[in-house]
Amino acid sequence: MDTREDIMTKLHLTRRGVIKAGAATGAGLAMPTIFVKGAAAYTNEPKGSEVVFGFNVPQTGAYADEGADELRAYKLAVEHINGEGDGGMLNTFSSKALKGNGVLGKKVTYVTGDTQTKSDAARASARSMIEKDGAIMITGGSSSGVAIAVQSLCQEAGVIFMAALTHSNDTTGKDKKKHGFRHFFNAYMSGAALGPVLAEAYGKDRRAYHLTADYTWGYTQEASMKYFTEKEGWETVATVRTPLGAGDFSSYIAPVLNSGADVLILNHYGRDMVNSLTQAVQFGLRDKIVNGKQFEIVVPLYSRLMAQGAGDAVKGIFGSQNWNWQLQKDDAASRAFVKSFGEKYGFPPSQAAHVAYVQTILYADAVERAGSFHPCAVIEALEGYKFDGLGNGPVEYRAADHQCFKDVLVVRGNENPTSQYDLLEVYAKTPRAKVEYAPDNEFFAGGALGECNPGK
Amino acid sequence: MFKGLDRNDIRLMLVVALVTLAAPLILNPFPADSAWAQFNAGYPDLMQRFVIYGIFAIGFNILFGLTGYLSFGHAAFLGVGSYAAVWMFKLLSMNVVPAVLAAMAIAGLFSLAIGWISLRRTGIYFSILTLAFAQMSYNLAYSVLTPITNGETGLQISINDPRVLDRAFGTAASDSVPYPDFFGLQMNDTASFEFFGRVFQFSVGYYFAAMLFLAAFYLALRLFRSPFGLMLRGVKTNQSRLEYTGINPRPYTLAAFVISGVYAGLAGGLLAAMDPLAGAERMQWTASGEVVLMTILGGVGTLLGPVLGAGFIKYFENILSKINDQILHQWFAFLPDGMEDFMVTLVSPFVGKGWHLTLGVLFMLVVIFLPGGLVEGFQRIGRLLARLVGRGRKPVSDDDKGGA
Amino acid sequence: MAILEIRGVGKRFGGLQALRDVNLSVEEGHVHAIIGPNGAGKSTLLNCLVGKLVPDEGTVVFDGRSLLGRKPWEINQMGISRVFQTPEIYSELTVLENVMIACLARRDGVFRLEAWKTLAEEDDIRGKAMQVLADLKMEDKADAHSAALSRGDKRRLELAMCLSQEPRLLLLDEPTAGMARADTNRTIELLKEIQERLGITMVIIEHDMHVVFSLAERITVMAQGTVLVEDVPERIRGNPKVQEAYLGGHG
Amino acid sequence: MDAIILQILNGLDKGSAYALIALGLTIIFGTLGVVNFAHGALFMLGAFVAVTVRRILTLSFETIDPTRKDFLGNPLKVKTTYVEHWFGPDAGQWLIDWSVPIAVIAAIPVMALVGLAMERGLVRHFYKRSHADQILVTFGLAIVIQEIIKYFFGANPIPVPAPEIFRGSFDFGVLLGFPENAIIYPYWRLVYFAFAALVIGGVFAFLQFTTFGMVVRAGMADRETVTILGIDIDRRFSIMFALAAIVAGIAGVMYAPINSPNYHMGMDYLVLSFVVVVVGGMGSLPGAVLAGFLLGILESIASMKALIDLVPGINQVIIYLVAIVILLIRPRGLMGRKGVMED
């Protein structure tokens, strides 16, 4: 380390820094004057009256619509932080640090980028936000791969990453980072929340067949579901890996009935889930009686857009969600959010929009409470932070792994939807205590947060 | 050094070198707080991508432009190069030299194996063979090879990696994830100057990649003008004549295939050196298709074309996708309210989430109006300028006579 | 001494016996013509010589070494060059580049990876190529695109490529096909001159009797896949078998 | 045993989809010599014809139901479709239910127009250009088509259900003496298979037994000669392009209930269809069909659990592996002609 620093001093290079000698040279010249960026204490320290957030969401590719919904929510959050609009969940948020005058008096502006749901493109986009636009915080994500890739980039660059949609255990497990924070729930929590509900609804004597997307997220989802259903007494007949984007799942679905299984668990997301569920229903699986029981299908992770894609096929099918706008029935915060989002855009927000909004507010609030944009101070303010009034009831950002802990929703496909927005209905809330785990739980072991890195 | 090159080639090389070295200045024409700052491309990440994808496309063009063999699986070599580089970072040292060398070596071996099989066929049969190999690599890297490639997330560096050499020399950082460096100069070290509101960023990573780009360009230039290059063009024009002239085309095409594979490996290694993460998407057919498009768009078989094509695509991908309604409103703020909204509505389908649309339209326009690719466009502008200036000299871009 | 010895060569394509027991020997330094009506098997025989086809039976020996099973480039490297019926040139390259490829192939053999040295440094090769072009009075077209050449010039270019390799045996497949009489005569003169100056052995396949009798020292007449008769031109002219083969009989 | 029969049946169905897509592509390859990267987009457009027809049939007007509330607490607007309003609920529901077969009929003229417009407006000018230029321009076109669809329909898949009576599956196993549920096959896939067989047979019969077809086949073999004979082969080629577009389009319509249409599905099938066409052999229609079925069946068999457990990842690579092996054994694919797209 020492030698490296020596070399850098000699060359007047600092990490992402400034040539200090340039100032002297510049001052000596009459014109044109060379202004040197003032020495910063940390990466992209905001100097003027504005501060830049980076919204890095999928705008092209399979998750473009989810990205669009996230972006809507980000814009709404920025409005509320800057004191425009009706304030949304700022009115219900347990912290009152944000005053509607931006963050630390600086007006929030934002830049947007396209992750294309590819780790590469997502990092390119995030790097351009950091290097070119001076973003102080990056938020977004559409898949766990992207979220983990961008999270480690932010760690290296010294900015904060507020993950939006990422469900893999690894994000706050073996790939956790000091600079990364996840509000969204994870595969383990889905399993923990669904296990007991499924056992209650379908009985403890069930035989499950897993179809699993053949990549990292699929593996963690499968492991979690297997663990928690077996804990309830279910037997796992088989787990089969399906190629990403297979399109036609018939050759995977057809053997299910004859395998002795009476439940099919689809560890798929996005288009894979839409297609595999549609096709499983088309096979008539749910009309069959196997082992003397009605055959059932389970989709551990739901999103509203996926439900819309699958249409009628979701009716009566269990899954889990981070948040659902129908919570507004008995939650004032959700009501406030649905109102301000719905009035601006004309339809209720999805869980993607919710997590995007909440993460932005949480970051801004942490800065305000810390009194500084310095990433180390912000991290300190977020770690172990307990809050309420953002739609999920009481929530804690656990210091050990930067994962939010809260109640998890079990949802079910609505048998009689009134519109394309209530295809899913809230079935049960599994309390936080039941989905919580120790930081060194086997599903999350390995990896370390590392140290706070102010960059420069 | 310039022995054997004519004046036009030397001039071309010098212009390319000058532009490359001055890129941080040239690509930043707009003040940072102006509405047009969006179009600045002079930040490290994008400049690095320009030169790295330039290397990739130059190498691809050595195969496609000279021999006419259209590989639809070249991204596999880029991906393999990236994985090799990251593994070197993890196992040996954060120094980029072993990583880049390993990337080139592994990609070379990989392309030797694939080329040896695929070159048994010509035309579209060859294209499909290369495509099949690349898609297999991608599918496996994304799924069952996850232990080696870290699948969906991509291979990353972690604090606990062995990094044998770094530990032996005591340069291994223990408290945080290290960054690739060139004997102590970290790739993400950047010096920035502010000058009349323009922020110029000089990054170590960019200059490291740029030097390798210039070397790659120079080597390609010589290769184009070499007897070897002539034989490759012979393969493209009339393979059977070549056989009856006493030349076995196979070793030539295989050599061209491996050279372009090594170029791709170098590009992949550099991508990993600039940003130490290797994702499987780098090997997908869309990535292979992208380098084909870069080459055709710029001008097949010309020296400069593929570089222009690479720059064109990467520029529009990175710049257009970041333009959002907020920025559009800024641009058209000078118009009356109704007009402003109308203009924003008109333009917004082409930027932000619609950047693909613009790119598609541009592809069609270029291929319809500039059959020779962007290089032809430059030549036309050059000729026009020459005529305007009224001097009889040939314009610079005419030098790019690379062949076919 | 015979430089090329063909003994008992036969070739079948499915049910068609294209060549049957063909025997032929070509003396070094001679111009040897092969004539015969369409379908006589002349081109098939030629393809068996250059490695495009492999005979089913028989032997082909060039300068004491068998040609059977060798690839076209190996046969060329042994000193056999071929001019095609329709000119086979590198139409996207310049005339000079066309000839330089042939010169390089002669010098470097089947494969040589030298990507660093440029053509501009290859003075010897360039000089030799220019020399051959000058011999064929094409030096003024050296920088022209070969696609733009006239048909006659394309044929001369192909000839230049073959000659630049200093072959020991030159195979010419209908070198004057489709030419006007004046061009044909020029070609005859050219070939004569080359033969006199360089003493290259030539095998010419030709329809045009004018060409054949102007050039050939020996003539082999083929019909229906086999050799009908082989002799000096004077005796071929009056041979009744030949007249029968051309004029009537088998139909 | 039953597992293998099951997968062969699945493979026939997958194969009929592959064959249909590849058929149109190979018509364009074979007749026009054009590398059409926009062919996947035609398939996708077909699927969106199904979406559009369903949207049109479900066009509705709103009436306010004051007794119910929407998500913001305002009175709920209840939608009634026009077809139900006009034809009564039963007939209206029936029309909506049968939207996919109706869409097939609608897709024929629509796709013919799209095909003609593409050929006349763009592709025609690229017959004499290099394959590289053809790739660039058709790829550009594919992106433009797909982005236009995304602009109007979004990126999310849109469900297009098959008619109600085709839901559920048929138990083949019982017929063959296997236990219940051993070999099941969804009704809609039976329909799809029959439909594909019909279309493929139709195209072959058209090319084989009509004068038009004979001329086109002659044109495929030797374009110049046919032109010399004074036949306007260009006009026929435009019609062939339209035909290819129709085949791709109706394949897309019928596939919509299996694979919910999304704007990107064309690109997803593009690579696969190229592989099928080339494995079948350039310029050979029977080759494309044969390769489609072969790859479909092998892909299905490779997705059996026993095989995946034996060779991990085999289901990920089977198609490409088979393609490589076939191309190495047979230089021009299964039934390719010499000299087509070999340089």
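Descriptive notes on the structure:
In order of appearance the chains are A, B, C and D, and numbering begins at 1 in each one.
Quick note on the criterion: contacts are C-beta pairs under 8 Å (C-beta built on N, C-alpha and C of every residue); 3 or more make two chains touch, one makes a residue touch a chain.
Owing to the predicted nature of the structure, the values given are computational and were not obtained by experimental measurement.
Chains touching both subunit B and subunit D: A. The central chain here, found by comparing per-chain C-alpha centres with the mean of all protein C-alpha atoms, is B. Chain centres computed from CA atoms place A at the largest separation from subunit C. Two chains share more touching C-beta pairs than any other pair, namely A-B. Remark: subunit B and subunit C have CA centroids separated by 46 Å (rounded to whole angstrom).
Subunit A and subunit D have Cα centroids separated by 36 Å. In this assembly, the C-alpha centroid of subunit A lies 32 Å from the C-alpha centroid of subunit B. Rounded to whole angstrom units, the spacing between the C-alpha centres of subunit C and subunit D is 52. Counting only residues that touch two or more partner chains, subunit D has 313, 316.
Multi-chain contact residues of subunit B, defined as those touching 2 or more other chains: 139, 143-144, 356. Touching chain pairs in this entry, ordered by label, are A-B, A-D, B-C, B-D. Within the complex, the subunit A residues that touch subunit B are 1, 3-4, 7-8, 11-19, 22, 32, 34-37, 59-60, 64, 67-68, 71, 109-114, 118-121, 123-125, 127-129, 131-132, 143-145, 148-149, 152-153, 155-157, 170, 175, 214-217, 219, 241, 243-244, 447-448, 450-451, 453. Listed in rising order, the residues of subunit D touching subunit A in the complex are 2-3, 6-7, 9-11, 13-14, 17, 68, 70-72, 76, 150, 154-159, 161-162, 167-169, 179, 181-186, 188-189, 257-260, 262, 264-265, 268-269, 299-300, 303-305, 308, 313, 315-316.
Only residues 64, 68, 70, 117, 120-125, 127-129, 131-133, 135-136, 139-140, 143-145, 239, 285-286, 289, 292-293, 296-297, 300, 349, 354, 356-357, 359-364, 366-368, 371 of subunit B touch subunit D when the two sit together in their complex. Of all residues in subunit A, those touching subunit D in their complex are 60-65, 68, 214, 238, 240-243, 245, 247-248, 250-252, 254-255, 257-258, 271, 274-275, 278-279, 281-284, 287-288, 290, 305, 308-313, 325, 328, 338-339, 342-343, 347-348, 418-419, 421-422.
On subunit B, the positions that touch subunit C within their shared complex are 3-6, 219, 222-223, 225-231, 233-234, 236-238, 240-248, 251-252, 255, 259, 403-404.
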